[in-house]
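Chain IDs A, B and C follow the sequence of writing; residue 1 opens each chain.
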Amino acid sequence: MAIPVKLEVFEGPLDLLLHLIEKNKVDIYDIPISLITEQYLEYVQNMPKEDLNVVSEFLVMAATLLDIKCKMLLPKQETEEGEEEIDPRAELVQKLLEYKMYKYMSLELKDMQMESERYLYKKPTIPKKVQSYKAPLDYEALVGDSTLQALNDLFLVIMKRNEEKIDPIRSGFGKIVKEEVDLDKKQLEVCAYIEAHKKCMFTELLSEQKNKMDTIVTFLIILELIKVGSIGIKQDETFSDIEITYEKPFVKIELQ
Amino acid sequence: MENKKIQASIEAILFAKGESVEVKDLITALECEEEEIREAIDHLKTMYAKSDRGIQLVELEDAIQLRTKEEFYDALIKITTVPRKQTLTDAALETLSIVAYKQPVTRLDVEKIRGVNSDSPLNKLLEYGLIQEVGRLDAPGRPLLFGTTEQFLRSFGVKSIDDLPQMSPDVLEDFKAQAEKEIQIKLDI
Amino acid sequence: MENKKIQASIEAILFAKGESVEVKDLITALECEEEEIREAIDHLKTMYAKSDRGIQLVELEDAIQLRTKEEFYDALIKITTVPRKQTLTDAALETLSIVAYKQPVTRLDVEKIRGVNSDSPLNKLLEYGLIQEVGRLDAPGRPLLFGTTEQFLRSFGVKSIDDLPQMSPDVLEDFKAQAEKEIQIKLDI
């Protein structure tokens, strides 16, 4: 049989089989398996091979057809019970019939869809007044089982949490202002202070500082002054205040 | 509520919404008995059926909706824009008929019947809103189950799945006989 | 064209369009005389005016349109609005307690106490009508001041704001002392 130049496209192996059966005008219940298999294979050989998934689906059916063909060639055997063996084509016929049925119904659906396209529906036109309507709030549901007492308890919890959040020491520093510290000037200031007082407490010195940066720099200057021996320090116990004493004239120190 | 008022309210709701409205929602909104609503719907149906009316009431499972009568389509397309047609491929139609008649079905069910992988037509049908996920099969892998939607009923002009044209081996036999006859006729000519 | 058919066609067109349709377009589409169209419109108008109808035909300049009768808006509202089932979130409750006990307060006050931006719970409370704007603070930017509403009193079963359980300065002092002690303990470790 000549293969048409332009291959018809089939939905799948079953579709192709049905086509061959119809084309040869043979009974679906009595498929001439040799003929159909031959034509089926011919088609598959000429199939475009781009999509291997598609080709493999067709090849599975080819294998099934060849399997049936083999079984048909073997002499019919009676089973032990004396019943005749089931026709090897039976399963395939069943599948073909089922597929054919759905394919037929799909054509019915197509017609139904075309008819239904002649009915038009309307888009919603909800009046603005209706659209903008807001259902009244169900306050009972909204408030639920929160009582005034619950609100009160909650407020106490919030205030407590709020107090805890504030670190009493650091909160004393006040606002942090970004400010460039003039190191030389700062050093002179600190030195002048200690020299003037001869003896002073570390906290006194810090309380003179305007902000965090000044405090840090002052602390660093003190450390340097201790290192070069310009001042002496004394602390009675851990966490107690530190006493600073003037030891010898200051030399200019390099802070890094 | 007075019968006339129920009827008018249903018409007002169906008109404004345009979309389908479930009967049970009407019962709640109008604070009526189901019987009263059903009666009003029947009245509306009869009223719309008259020849001087251009719209009709359709039932879709347990919802109702208004639409234009088919006979006015030709006049309508002259003046309104008709929604773009969803042309379904043969593969999609085949898949849809399997889902419609065998629902709920899994992807594998469809694939077995069609003999080919059917992911692409299934996805298209989902996208068009003609089928939907309706649950999962209680089997290994718990595969998704698909069924048709209300949009399917609308698009194919049926009230419910039960109203789909019957599919039986008899129909198929008829179909076959018919086909053979056609061939015969052609041969005779 | 038969009168009844003209009438039905117009209804179908008006329904499908949903919006207004010009009379002259109807004349073109239905291939009728203007007089016939006008007559059909009048018929439709009379028909819709009946008490068992939920829609009406309105004329605007030289166009006509179908609309829902206003008397059925209530029914439409019942079917289109989803009942709001809301409860106060924790954030809203916290914010509410601050407004209740410290009123009048600004947004910033609430934010400082809660330690987080509180615009969203404040707006929700305003929307619910549990708090309201009660004035502006005499400070830069003149920020809004919030206080509780009568609805708040009703919902929480209080006669007046004065009946709110008072937060005494002593309690606050206690908190402060406690907090400091706790920090001290932390430092000691």
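What we mean here is this: a residue touches a chain if its C-beta (ideal position, glycine included) is under 8 Å from a C-beta of that chain, and two chains touch if they have at least 3 such contacts.
Quantities reported herein were computed from a predicted structural model and do not represent experimental measurements.
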- Taking all protein C-alpha atoms shown, work out their mean, then name the chain whose own C-alpha mean is nearest to it. A
- Item | Relative to chain A, chain with the most remote C-alpha centre | B
- Message: I'd like the Å distance between the centres of chain A and chain C, where a centre is the mean of that chain's Cα atoms.
- Response: 33
- Can you check how far apart chain A and chain B are, centre to centre, with Cα atoms defining each centre and the answer in Å? 36
- Item | Overlap residues in chain A, where contacts from two or more other chains coincide | 120-123, 125-127, 130
- Where chain C touches two or more other chains, by residue: 12, 15-16, 18, 68, 76, 80
- Item | Of chain A, residues touching chain C in the complex | 120-123, 125-127, 129-131, 133-135, 137-144, 146-152, 154-156, 158-160, 162-169
- Query: Which part of chain A faces chain B closely enough to touch in the complex?
  - Reply: 11-15, 22, 25, 28, 53-54, 57, 61, 95, 97-110, 112-113, 115-127, 130
- Given the complex, residues on chain C that touch chain B span 3-5, 7-13, 15-18, 21, 25-26, 28-30, 43, 51-55, 66, 68-69, 72, 75-76, 78-80
- In the complex with chain A, residue positions of chain B that touch it: 15-19, 58, 65-70, 73, 76, 80, 82-83, 85, 88, 90-91, 93-94, 96-98, 100-101, 113-117, 154-158, 165, 167, 169, 171-172, 175-176, 179, 183
